[in-house]
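I have a structure here, written as structure tokens, and I will follow up with some questions on it.
Order as written gives the chain letters A, B, C and D; numbering starts at 1 within each chain.
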Amino acid sequence: MSNTFGHIFRVTTFGESHCKAVGAVVDGCPPRMELSEGDIQPQLNRRRPGQNDITTPRQEKDCVILLSGVENGLTLGTPIAMMVENQDQRPGDYQEINRVPRPSHADYTVQIKYGIRTASGGGRASARETVGRVAAGAVAEKILKNNWGVEIVAWVSQVGDVAAPDLSDSNVTREMVDQLPVRCPDHESAERMAKVINEVKIAKDSVGGIVTCICRQIPAGWGEPVFGKLDARLAQAMLSIPAVKGFEVGSGFQAAAMRGSQHNDLFIQKGDRLGTITNNSGGIQGGISNGEPIVFRVAFKPAATLGQPQKTVDFNGKETILNARGRHDPCVVPRAVPVVESMAALVLVDCGLYQRVIQ
Amino acid sequence: MSNTFGHIFRVTTFGESHCKAVGAVVDGCPPRMELSEGDIQPQLNRRRPGQNDITTPRQEKDCVILLSGVENGLTLGTPIAMMVENQDQRPGDYQEINRVPRPSHADYTVQIKYGIRTASGGGRASARETVGRVAAGAVAEKILKNNWGVEIVAWVSQVGDVAAPDLSDSNVTREMVDQLPVRCPDHESAERMAKVINEVKIAKDSVGGIVTCICRQIPAGWGEPVFGKLDARLAQAMLSIPAVKGFEVGSGFQAAAMRGSQHNDLFIQKGDRLGTITNNSGGIQGGISNGEPIVFRVAFKPAATLGQPQKTVDFNGKETILNARGRHDPCVVPRAVPVVESMAALVLVDCGLYQRVIQ
Amino acid sequence: MSNTFGHIFRVTTFGESHCKAVGAVVDGCPPRMELSEGDIQPQLNRRRPGQNDITTPRQEKDCVILLSGVENGLTLGTPIAMMVENQDQRPGDYQEINRVPRPSHADYTVQIKYGIRTASGGGRASARETVGRVAAGAVAEKILKNNWGVEIVAWVSQVGDVAAPDLSDSNVTREMVDQLPVRCPDHESAERMAKVINEVKIAKDSVGGIVTCICRQIPAGWGEPVFGKLDARLAQAMLSIPAVKGFEVGSGFQAAAMRGSQHNDLFIQKGDRLGTITNNSGGIQGGISNGEPIVFRVAFKPAATLGQPQKTVDFNGKETILNARGRHDPCVVPRAVPVVESMAALVLVDCGLYQRVIQ
Amino acid sequence: MSNTFGHIFRVTTFGESHCKAVGAVVDGCPPRMELSEGDIQPQLNRRRPGQNDITTPRQEKDCVILLSGVENGLTLGTPIAMMVENQDQRPGDYQEINRVPRPSHADYTVQIKYGIRTASGGGRASARETVGRVAAGAVAEKILKNNWGVEIVAWVSQVGDVAAPDLSDSNVTREMVDQLPVRCPDHESAERMAKVINEVKIAKDSVGGIVTCICRQIPAGWGEPVFGKLDARLAQAMLSIPAVKGFEVGSGFQAAAMRGSQHNDLFIQKGDRLGTITNNSGGIQGGISNGEPIVFRVAFKPAATLGQPQKTVDFNGKETILNARGRHDPCVVPRAVPVVESMAALVLVDCGLYQRVIQ
């Protein structure tokens, strides 16, 4: 229930921070598609910490190994098992958290749920788990691109109180996103964001942010009209990413203050299909894609691990000062960009393949 | 995939606006629980349109009939089929939409997806489908209450640009919510909201809003750490409700602008368990409930059906003026309150029952 | 888990012997297919008891009502809810079984499992539950026929120790099967079977039998290579029918005594495809259909309800004589024929629709 | 759909004969259970070919590596990924089968289904895939033993036309089963079976057989009354094992010839529970365990790969002589014993854990 995502294209992820490996098994990938480690590694590299001085200094190589499902460079239609070995299998920095649950971490809830937890805390709740998602997402993206020309691009649209102008109508590409480490394609905003991150880092604090994602060339007709609404599935996918607190599609929370006459996306003819003048729907109407770009935003809280002491209680309820010594990011949002793209790809490929059943 | 929700407590809904009946089959309800139509009807009544002059004048009786799964007033552990007959099985008001897809409705996307749609438009995308959810939700709520004392209360916290003060810390009850038709327990705000709705009604327009929901007495430990995060599942559940554009839990989108030192919920001893001083987590950490109240907010767009003409195109792309004659709500948000509660109940009961497997 | 069958074409059945209705919800039926009650009723009639003097005298009308999913005679792609009202909603014959669990019935196991059971005994374990399967199976058969010309025919091949000659190579049709009430198309065997059933009836006893089923025109490529093997899914489907004790495909248990050189189905060219000379594989190799007819056999035990007294114990372990007064069939096997066909159809349509994803 | 088994205890297997590794991910294993490679390796060793001169000479080490889900020797409640590296990743013996589909193998059906297949033929249809099942089954068996004292023992009860006496009532143990390589605990029969296998080997032929399995100490109440009948799930599990052609539980196919008065298992008091005098039900009534031992039999066809030439056609339908040079077993049935036990364990643990939800 917990560790598998999707119905037709099913991804099961595995692995904790300090076991032998993390990874994923992808079941339901169509056969006869060219696939190699080279298709998967780039997104893993984008996810990897330690890419620059605004993320955590922990060095992970994160080289993916294809264990199964591919022969002579072609998928077989069988499960694709992918593995990334953990370089650092011996936790040492985490003794204190055995005694004191870190505030706003999963240490406490995992312990209550399972009666046990990893030495490093939440275990599966760690961002390390997203390695498997990104590997699987890269496979999904290749299917989406090959079959329908789908393009998924996410970027950092807010850090702290610095919000970039709305770029959801523009032709932002991954190359533009990656030009600066903060992954905001609006360079003026990016500079201000970097400044905030630097201030926070110096203060041994952390800061939240928002990732905007746009999915282009999604055919009309994807998604199911009731529980499997395309935006409902995207919402689950996004909230399943560590540290996410909110999701909105199209007009989102601003819709609450709008009138129908202002919000309705009136139809016009666009080439050989109907399109809409505005896109308050965010490309989805009644849970089904309408052919316009899918646009959504994902809110991230500031990382819970801080360099500064926190006054809290231990597992026995005794007051204490927690001085966390683990590595941490002042702002996880730039690294979350490929994770958001990957989860979007997992939802979309599942809907796209399922649509073949109906037609 | 589309019409079933849940893993342990599984709900399958059925029915369109103008077929013989709408309803749900609940599979996985524990045996030996007292259950009758009287447990289910009250929430259906709260969902029903025509309760007062701020909602649509369409009269639906919506009397639930228990078809199976209960004998001598007790559940058998077998599927509970519930049915509400459609009073109005002969669509007549909808001819124009056979020619012109209503803007921001599902008419167009359903047609593209299935190559067919109901005479009344989206069919399953209609709010009528939520009857089955509310019936099933009432069963779920009873289990939650009996086993864990869970209490779920939702209310209207914003209509248009009128936002009520934050009441997520208060002891709002359903009785307080239902005192005024607009279902905002802050009466001063409620009056201003009612005024907005009335203005919109006169203008033959519609307006959006926000529903806030609080779930009390959820034991710590519910929810799964990865894809089945409790907040991820709530997000899917909420975005699956018609007209929803956004979801946020705890601090939500405001978290983006916060620092970790400000956002972290420090632990304290609360009675015989650990609690937190603040509740920016919204009762969920790492996807697992922490024993604090679960608090989330759901954004609704203004209803797409308008009394005023709209300049759009027909299915062939020809420009036309759409004069919708169907019944419509100026503001669906008050009626959405029991739907939000019901979907929350479906998620929670599924997590609560599943947790028995682990212990 | 228990009451839903299938992945793409998903059937959820509901209802006990004495509640308001039994039925099924079919989710995943393709849109735009002609469908009416007239497509479903014939198989329900074949399943109905009281068709002739060798089955139980209980009269059930079993008229199916389509509640949803169809408009103007066409499927919408939405859930098809179907209901058959129970004529007899007031159990009266079953008092004794409240005290004494009937031997080889589900009375005891249902009570242990759920701590409750229906007044009439097993409830869902009753053959009454198969109404929903047969209704759903009729929908499945129509899809199979329309899309691929699939033909499914089952018949009684053994009653007691009377075994009919092997007809799996012949062109047996449903019309031929239905010519005699015992539903064995070999009339000489049928007469001997009828004689056995009559003897058993007079002796207030019951007798078992075997149903053989052949599925023609199944395209090669259906079924999955591992857990979802086509024969594995057929095995589950058949063992899920009340009173079934065994399943075999192709050579079945006789394969145990054979040599590979004798068992292997050598390939030959058949028209524009490869076929096999023999069909020991029963149309399935490695879990995937090979284009030859699928042939399997299903063993039924004698019905557990007897007209004669049985020396057993009550729920408290006290010795007693059970004089069951409920209605019963001396031989359920003829009535099982449409149930076997229906369950085969549910498996096949699910595999056939899923195959669209891969191609 | 294909490569995952189970609902609560979910196993996803991966890997082909000649990729980097085969294995499984187990999701849903309860936390805090002692687990190490030492719990898993013994059953893998029993499954391994080359254990003695009656099985294939191919040497596989099959050392299992626990990649995740266990820390400090205890399960975490997180996915347990297990991997066995393929020693032989470079197929060489299989050129001819690129041209000629092996009769009664999956070569042809996999090619038709996927439009591609592994160099070694069926890929996932190979017995190599069962490594993952056996590894997962060992985890399942440990849970079953720890929680309920469950004991699962399978043995070879028939090879060719040599059938051992019925031992389903006896106290056969795995130690007794393993005393002779043919894995039949009746030594007189075992000798005759070994003789048959030797004859077949000399004749470059193969031979089928039957495995009987008994599951002891299963609490009453496991299994679901409709589609998830315990015997239905066992049937699926067994038919999903390569080369299986039939399944029967309790009286099985013999039930067809029996009368109800002879077949019914009359109740008696056994200690503090009700038991039955006979066990024609095979421990399952109405799909639910009744507390008696679960007994079932599984029929295996003779292995399709032969040392002798076969007159067949190539993929183009041209007549040819196939001289298979791959390694092969004259009788796979002894090696199938741990696979049968493992699949039984996967079904049982899933039912046992799910039963916690109901109580």
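The rule is simple: a residue touches a chain if its C-beta (ideal position, glycine included) is under 8 Å from a C-beta of that chain, and two chains touch if they have at least 3 such contacts.
Remember, it's a predicted structure, so these values are computed and weren't measured experimentally.
Q: Which option, A-C, B-C or A-D, should count as the same interface as B-D once over half of the contact pairs match?
A: The same interface as B-D is formed by A-C.
Q: Across the interfaces A-C and A-B, which one involves more C-beta pairs in contact?
A: Result of the comparison of A-C and A-B: A-B.
Q: In terms of residue numbering, is the interface formed by chain C and chain D classified as same (over half shared) or different (under half shared)?
A: At the contact between chain C and chain D, which are copies of one sequence, the residues are largely the same (over half shared).
Q: Centroid of chain B to centroid of chain C, CA atoms only: how many Å?
A: So the centroids are 39 Å from each other.
Q: Would you kindly tell me how far, in whole Å, the mean C-alpha position of chain B lies from that of chain A?
A: Once rounded, the distance between the two centres reads 26 Å.
Q: What's the distance between the Cα centroids of chain A and chain C, rounded to whole Å?
A: Comparing mean C-alpha positions, chain C is 46 Å from chain A.
Q: Among the residues of chain D, which ones contact at least 2 other chains?
A: Those would be 1-4, 7, 13, 28, 31, 77-78, 113-114, 123-124, 225, 354, 358.
Q: Once bound in the complex, which stretches of chain D touch chain B?
A: Per the touch definition, chain D meets chain B at residues 7-8, 28, 30-31, 77-78, 225, 353-354, 356-359.
Q: In their complex, what parts of chain B are in touch with chain C?
A: 1-4, 10, 12-16, 18-23, 25, 27-28, 31-32, 65-72, 74, 76-81, 83, 113-119, 123-124
Q: Show me the residue ranges of chain A that touch chain B in the complex, using the header's touch definition.
A: 1-5, 7, 13, 101, 103-106, 108-110, 112-114, 122-125, 129, 158-161, 200, 203, 205-210, 220-222, 224-229, 231-240, 242, 245-253, 255-269, 274, 276, 280-282, 284-291, 299-306, 308, 310-313, 315, 317, 354-355, 358
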